[in-house]
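Labels for the chains are A, B, C, D, E and F, by order of writing; each one numbers its residues from 1.
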Amino acid sequence: MSIVLITILTLAGLGALAAVILYLASQKFKVFEDPRINQVEEALPAANCGGCGFPGCRAFAEALVKADDISDLNCPVGGADVMATVANILGKEMGKSDPLVAVVRCNGTCEHRPRLNEYEGATSCAVAAALYGGETGCSYGCYGLGDCVEACDFNAMYMDEKTGLPVIIEDNCVACGACVDACPKEIIELRKKGPKSRRIFVSCVNQDKGAVAKKACDVACIGCGKCAKVCPFDAITIENNLAYIDYDKCRLCRKCVPVCPTNAIHEINFPPPKPKPAKEQEPANTPESSN
Amino acid sequence: MTYFIIIISAIFVNNIVLSQFLGICPFLGVSKKISTGIGMTGAVTFVMVIATIVTYFIQKLILEQFNITFLQTISFILVIAALVQLVEIVLKKVSPPLYQALGVFLPLITTNCAILGVAIMTVSRDYNLVEAVVFSGASALGFGLALITFAGIREQLDLVNIPKGMQGAPIALVVAGLLAMAFMGFAGMV
Amino acid sequence: MNQKLVVSPSPHVHSGDSVPKNMYGVIIALIPALLASLWYFGIGALIVTLTAIAACVLFEWVIQKYLMKATPSISDGSAAVTGLLLAFNMPSNLPIGLIIIGAAVAIGIGKMSFGGLGNNTFNPALVGRVFLLISFPVQMTSWPVPVASRFQYLDATTGATPLSVVKEGLSSGASLSELMGEIPSYLNLFMGNMGGSAGEIAGITLVLGVLYLLWRKIITWHIPVSVLGSVAVFAAILNISDPESYAGPLFHLLTGGVLLGAFFMATDYVSSPMSKKGMLLYGVGIGLITVLIRVYGSYPEGVSFAILIMNAFVPLIDRYMKPKRFGEKVKTTKVQKQ
Amino acid sequence: MNQWKNFSKGFFKDNPVFVMLLGMCPTLGVTSSAVNGLGMGLATTFVLVMSNIVVALVKDFIPDKVRIPSFIVIIASFVTVVEMVMQAYIPALFEALGLFIPLIVVNCLVLGRAEAFASKNSLGSSIIDGLGMGLGFSMALTMLGSIREILGSGKIFGFSLFAESYGMLIFVLAPGAFIALGYLTAFINKVRKA
Amino acid sequence: MGKKESTLPSMALTLIVITVIAGSTLGYIYKLTAGPIAAASEQKQQEAIQLVVPVFDNNPAQEMYKIAADGGDSLKVFPAKKEGINVGVAIESVSHKGFGGDVKIMVGILPDGTINNYAVLEHKETPGLGTKMDTWFKPSDNADAGPSGNAFANWLFGIKSDAGGGNTSIVGADPLKTNLTVSKDGGDIDAITAATISSRAFLDAVQKAWAAYNENADAYSSATTKNNDAQEGGAQ
Amino acid sequence: MLKTFSLGGIHPADRKISAGKSIEVLPLPKRVVVPLAQHIGAPAKTELKKGDQIKTGQVIAKSGGFVSANIHSPVSGKVFKLDEVVDASGYRKPVIIIDVEGDEWDESIDRSETLKTEISLSSEEIIKKVGEMGIVGMGGATFPAHVKLSPPPGKKCDVLIINGVECEPFLTSDHRVMLEKGDELIVGVKILMKALKVDRAVIGIENNKPDAIQHLTTLTENEQGIEIQPLKVQYPQGGEKQLIDAVIGRQVPSGKLPIEVGAVVHNVGTTLAVYEAVQKNKPLIERVVTVTGPGVSKPSNFLARIGTPVSQLIEAAGGLPDNTGKVIGGGPMMGKALSNLEVPITKGSSGILVLPHEEAHRKPVENCIRCGKCVSVCPMGLEPYLLMIEAEKELLDRAESDNIMDCIECGSCSFTCPANRPLLDYIRLGKGNVGKIIRNRN
C-alpha cells in the first residue's frame, strides 16, 4: 500500500511541479512565433530545390506567411496542389500558374552543326564558355557538356550521345529552373506546358546574321521572318536575327512550322503532321527528343 | 587523479558514442556540418550537466529515501523533458543569439539517450556530486569530440564522389565504425 | 592541316607526373625492406607479401568492375601499394585466409566504399591491419623469430617483440634495466634482428626507402620528421621522469613499426593533411598518441592506431590549417609612412 | 490510409532503422547476438504499441504545452513495466540488454510515433502503426544481430555454425556494429529501390 | 495538436492525472514483480553455489557471513553443509583488475583447501575474449567447442587445435601447491590467449577468495577436517 | 644563391628554341583586323566609317575611359568595314578591318633609327603621352600603361621594376628586345623613372638569359639607379607579385596592387614602347612576336604590325607543320589556344606557339589523390585542389574565404597534378563567379 502511495505522490508531485514551472516560464518568457510557418513548411514538398526563388522550403514558407499576396509565388515542385493547400492554410488567394516545362532551344546536333575544332578542357559548359565560343561556328549553341543535366535534381534530363544535345524527360521535369540557371548559353527556357503538353517554339538562339548562322548550322534560325509573316496571331517577333514565339499569343495553329526554311521551329506532342518529307518520327509519349 | 581518470575515460576510452552506443541518433543526424556539430555539442553539454545534477538530487533525496528506485526511469525522463523545455523557453527569451545557435537542437535532446544514459550511469556508478558533474561534462565533451570529428569527415566526404549505393547513411555508418575502430586504440588506458 | 585544332584552357603543358609514377615510386622505395623481410622471415614473408598484393589488386578489380561498374584502374598501382604495406604490417606466419580477409577489408571497406583512390578518409592498409588485429588477436600477435623461421611458414617459431617484452615485463613488475637485457642491441634493432611484422623490422632499409621517396619528391619531410621527432621527445620526457619505467627515445623509434609508419603509412597522400603546417600537427599527433598507447594503453604498439586516429582529424586539420598565403605577412617595412 | 500499407510500411518503405535512422543506440548497442536483437525489438514493440494506444486515446485531453511531458510519462510507465517484468521473468535477457531497457524511453522511434502518428490518428491505425513499426524495428535488430553473431562468433540464435575461433571478434564490438549496419543499410536501400 | 488550451489548471491537472494513473499502475506492478525479481536474483546465486560446491542440504544463503579480504573488500561466504557437516564453502569474490571493470566470481573451496569449481557471476570484459573465463579454467574445456576440425579451414585461418596446450585448469588445484598466477608472471596457469589481463583478474579473484578463506579457515574447518578424505573423491 | 620568390613555383622545360633568332620585320599583310578591345578596361570607341582613308599611326579609336587606351592604325589604307568577327576567344568582338595600301606614316612620327637619350618632357607630359600613344602592358595583361604610371593619391612608388623575366617556356620576344634594343630600353627605363619620380629601377632577368644579363649590365654600368637583378629560373617569376617578391622581397598583400608596397612593374616590351612613344612620338602599332614550336621549321621573332593574322606569321615561320594539334596565342603556361588561325595579333600577343598532336592533348582526368603537390607549387599559397572542388560544386562563399581571388592563373597547379586534374579550368570559372558576387555586393 505505502509503496503505491509514495509512488503516486512522487510522480504526481514531479508532474505538477513540471507543469507549474513550465507554465510560469512560458508565461514569463513568451515569444511569439507564427505557428503557420511550420504548418506551411509541412505542406511544402521539402525538396529544397530553390525553384521557388527562395533558399529552401523553410525560407519560402516564411515568405509565404509574410506576403500579403501570394499569387505570384509558386512552388514548382509541388505545383498547384501544394499551393492550394498553402493558400488554404493562410486563407490567401493563390495565383494560378500554368504548369511549365523546360525546353532546349538548340538543335545543333553533330550532324547539323559541323565541329571546327576539338574542345579538351574540363567537361563543363561553364568552363568551356569561359574559354571560348565552342567547337562549332555557332557561338550561341549548346556545348553538349551537360552542366544542365548535372544541375537537374529530378532525373529529368540526359545527354543524347548521338546528337550531343541534352534531352528533357517531360514527365519528370518539375520546372524548377535549375538547368536554366546552369546553362551558360541561356539555351534552356521554361515554357508553359500547353494543352495536352503541346507547344511550339523556335529551337535556336543564334543571333548571327542569316548567312553566318546558316553556315555554322543547318537548322539555325536565320531570321528570315517567314514565320512571323505567316502567323495569324502576331505571336512571333524577330529580334537580332532570331525569331521568338510568344507562348501567350501562340494558339498552336502550326502554320509557322512548315514555312521555316531551316526547320528551326519545333512542335511537340502534336499528332504526326500530314505527310511531310521531313524526318520527324516522334512516338507520342517519348520524351521530347531533340528533333 | 580520479577526476583525471574519469575525464580521460569518458572522452577517449569509453567514448559515449563510439564505445557506449549512446546518443547515436544525433551523432548521425546532426553531423552533416561542422558548425551544427559545434552547436549540438554546446547544447548537449549544457543540458547533460544540468540534467545530471538535477537527477542526482532526485535520486538521492527522493528515490533512495523512499526506496522507490524503480521509478528511476520515469522520474528522470520527466525531469529531463521538462528541463529541456524550460531551457528552450528561457533561452528563447533571454538570449536569442544563443537560442539561434543551440535552440534548434534542444528538442532533439530530449530523445538523446546520452542524457538519460549518463544520468543513469552516474547513479549506477555511485559517483558523488562533483564526480557526477565531471563525468557528465566529460561525457558531453567526448560526444562533442566524436561528433565534430565525424562532421569534419562528412564535410570532406561531401566533396568527393561516394559510390551511389553508399551515399548517405551507409557511408556515415562505415565511417563511424572505422572511427570507433581507431578509438579502440585507447583501450585499456585507464 | 587535316585534323581539327585542339582547344583547351591553359596550361598547355604538363609535368608528366602521374599517379602510377608516384605509386610505383613507393613500391621501389619498399624493395629494400622487402628484401630484408625475405632475408629475416624467408618463405613466410614471401607468401604473405604475394598473397596480400594479389588479393588487394584482385578485390579492387572485382569491386570496380562488378560493383561500381567502372573501368578498373588497378594499373595505377595504388592497390599494390596497399597490399604491400598491408603485408608489411602483418606477422610473416599469418595464414592465407586472414590475409585475404585483411585485403578485403582494406580495399572493400577502407577504400572502395568511399569511391576508391583519393576518397578514403582512413589509411586502407591500416584499416585492414587493425581490423585483423582486433578480430584475430591470437594470430596477429604471434611473431616469428627472425632468421630462425626462414624456412617455416605457419609453423614458424615465435617469440616476443621488444615492445611486448617491455610491456609484459613492466606489468609483471620487472624493471626496465632488467628487461633491456632481453632485448637486442640498438644496432641489431636497427638492422632488423627482432620479432615483428614482416616489413617493419629493418630500420635501415626503411631509411633507405624514405631517402629515395624524398629524393624523388614523392613525399616531403614534414610528416616523417614530425612523427619521429615527437615520438622521441615524448619518450624522452617520460624516460627522464622515470628511467626505470619508461624506455628511452631510441628504443621507441627503432621498435614496433614507428619507422614504417612514419615513412610510408602516415605519409599516404590520401589520408594525410595538405598543408605543411597541417602535416606537422598531424605528425606530432601521431607521435604523441603512439607513445601514449604504448605506455598506458593495452596494446604494446600504437602506431597503427595513432595513424588511424589522426586520419580522422585530417578533415578538421585541412579545414583550419591553411597553407601560408602569399602576402599574408608583409615582411618588409611599410613603405608609405605619411 | 490502407491498413495493410500502414502496417507494412515499417518493414521496408519507412523502416525505422534502415530508412529513418531512429533508435540507433539500441540498434547498435544490443545486437551482438540475434536473441538480444529480437528481445530488444519485442520489448520496444510492446512499449510502442501500448503507448500508441494510450496516446491515441487521450490525445484530445492533453494541452499542447505539456504534450511532450505527458507522452513521455506514458511511455516511461510502459518502459518501467517492461523493465520490471523482464527482470522478474527473464533475468538473463534483462542483464544482456542492460542500460538499453530504460533507454527505450528515449528511443526516438517511440516518442516519434506517438508524436507524429498516434497523436493525430485513430486508435485502430495507431495500433497497426505501432505494430508495424515495432516489428519492422525488431526485424532490423534481429537481422543485424544475426549478422553480427554469425560473423563475430560463428553462431546464430546461439546455435554454432562454425567454431568460435573463426569468428571476427570486431563484429561483437562497437566498430563491427557500425560497419555491419552500414553495409546492411546499403544493401536494404538497394533492394528497396530495385 | 492539443485540442485543449494550455492554461495552468489544465496543464497541471493533465500531468497530475497522468502521473497518478501511471504511478498507481507502476506501484501495483512493482508489488506484483518485487517477489519474482528477488527470487530471480536469489536463484542465480543459488545455482552458482550449487555449481561450485558438492551436494548440500542446508541453505547457504541464510548462513551467509562476510569476511574481509585484501584490498578492503568484504567477501560473502556461503557455507555448504550436508547433514550438518561442512562440505565446502562458496565464496563470492571480486577483482578490480579486469580489462573492462570488476570481475565477480563464485569459487567453491573444499574443506581441504583445494578448489572445487567456479562460476563467473559478472564481468565487463570484451565479449569473445574475456568471456572465455566461463570455461577456460575448467578441465579440458579450453579447446574449441562446436563443429570445427576442418583441417583446411584450420590451416586457412591459423586455428591451432591445441590452443591452450599447457595447464589452464584450476579445478582441483591446491593453491598451496599450485601457483595461481599466469605463466607470464611466473605462475602455473596459462592465460586465455590474447586475454592475459582478464586471466590475471580472474586468478586474482580466486586467490583473494582462497586467502580470505585460509585466514579464517580455522574458524570452521576444524570441525570437519576428518571428512576430507571422503569428500575428495566426489569432488570431481 | 640567386634570388627568387618565396612560395611554390615549378620548372617547366624552357625550350627557348627561337632565342638565337634576331628580330625580323614581317612584311605588311594585305588586310589587317584591328580589335577595339585590346586592353583591360573599357573598349576604345571609333568614329571611322567604311571607306575612310587612313595613315599608319593615326588614331582610329579613342580611349573609352581612364582605364582604356587609344588605338592607332597599324597600316595605311582604306577602311574595308567595321564588323564583328570571331577573335581568339571564339566570340564575336567589334573590329576595324583595313585594306592595306602602301605604308604611309603619320608625319608626326619620327621613324629614324637614332637613339634619343635626352628626356625633354616632364613627368606629367610623359604620362599623358604614354596614354595618347595607346601603350598598354605588353607582358600579357595589357593593362593601360599610363594608369600604372599615375599612382593613386596617397600612394608613393619608390622602385620601378622592369620585367625581363620571360618565364614562359618557348617565348623569346622580350629576350630579343633586351639584346637588340638595349640602348632604347635603358632610355625607356629612365623615362619611366622620371614619370614615376623614382630614383631606383631594377631589371629582373632570369638566369637562363646570360647574354641579356651581360649585355644590359654593360649598358647600365654608368647609369645611376638602374640595377640588373639576375634571378633563379623558376616559373612564374614573371608574375608581377612574384617578381616584386623576388627582386625586393616585399609581398603584395591579398587583393592589393603593387603600389601598396611601393613598386610598379613594367615589361621590357612596354618599356621599349614607352621609349618610342615619348622620344619618337610613335604609337603602339607593332610589336615583337615569337613564332615557335617543336615542329615549326623556322622558329622566329618577328616585328609584326598589330592586326596581322596569325596565319601569316606562321606562314613566315615556315608554315603550319603537318601534325599540328594546337596553336596557342602566347606561351604554353598562360597562352590561349586558338580555334581559328585568322585571328589578328594584338598589343598583348607575345608569341604564337604551335604544338604537335602528341603534345596537344590532355590526359584523362582522375580522382584527386590529395598528394598536395598543387598546394606546394602554388606561388600564391592557395589550395588549388580545394578551390577546384569548391568552384565545381559552387561552394562560392567557401571559395572566396579560401582566397580564390588571389589566384594569378599561372597554371602551376594543373601543370603539376599527377592526376591530370583541370584545376585551373575550374578555378578560373570560380573566380569569375566569385568576382560577380563580390561586384554585386559592392
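Here is the rule we go by: a contact is a pair of C-beta atoms (placed from the backbone, for glycine too) under 8 Å apart; a residue touches a chain by one contact, two chains touch by 3 or more.
In this text the structure is predicted, and so the values were computed from the model without any measurement.
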Select the chain at the greatest separation from chain C, using centres from the mean of Cα atoms. A
Given the two chain pairs B-D and A-F, which is bridged by the higher number of C-beta pairs in contact? B-D
By Cα centroid distance, the chain farthest from chain D is F
Just the number, please: Cα centre separation of chain B and chain E in whole Å. 33
So, in whole Å, the Cα centroid of chain D is separated from that of chain F by 70
Averaging only over C-alpha atoms, locate the centres of chain A and chain B and give their separation in whole Å. 44
Check: chain B positions touching at least 2 other chains come out as 70-71, 74, 78, 81-82, 85, 160-161, 165-166, 170-171, 174, 178, 181, 184, 188
Numbers and ranges of chain C residues touching at least 2 other chains: 5-9, 109, 115, 118-119, 131, 134, 136-138, 298, 318
So which stretches of chain A touch two or more other chains? 3, 6-7, 10-11, 14-15, 18-19, 22-23, 26, 116-117, 120-122, 127, 130-132, 135
Give the pairs of chains that touch; include all such pairs. A-B, A-C, A-D, A-E, A-F, B-C, B-D, B-E, B-F, C-D, C-E, C-F, D-E
Could you please specify the touching residues of chain A with respect to chain F in the complex? 116-117, 120-124, 126-127, 130-135, 139, 208
For the complex, give me every residue of chain A touching chain E. 3-12, 14-16, 18-20, 22-23, 26
In the complex, go through chain D and note every residue touching chain C. 165, 167-171, 173, 175, 179
Considering only the defined contacts, which chain C positions touch chain A in the complex? 4-9
Report the residues of chain A in contact with chain B in the complex, numbered from low to high. 3, 6-7, 10-11, 14-15, 18, 21-22, 25-26, 28-31
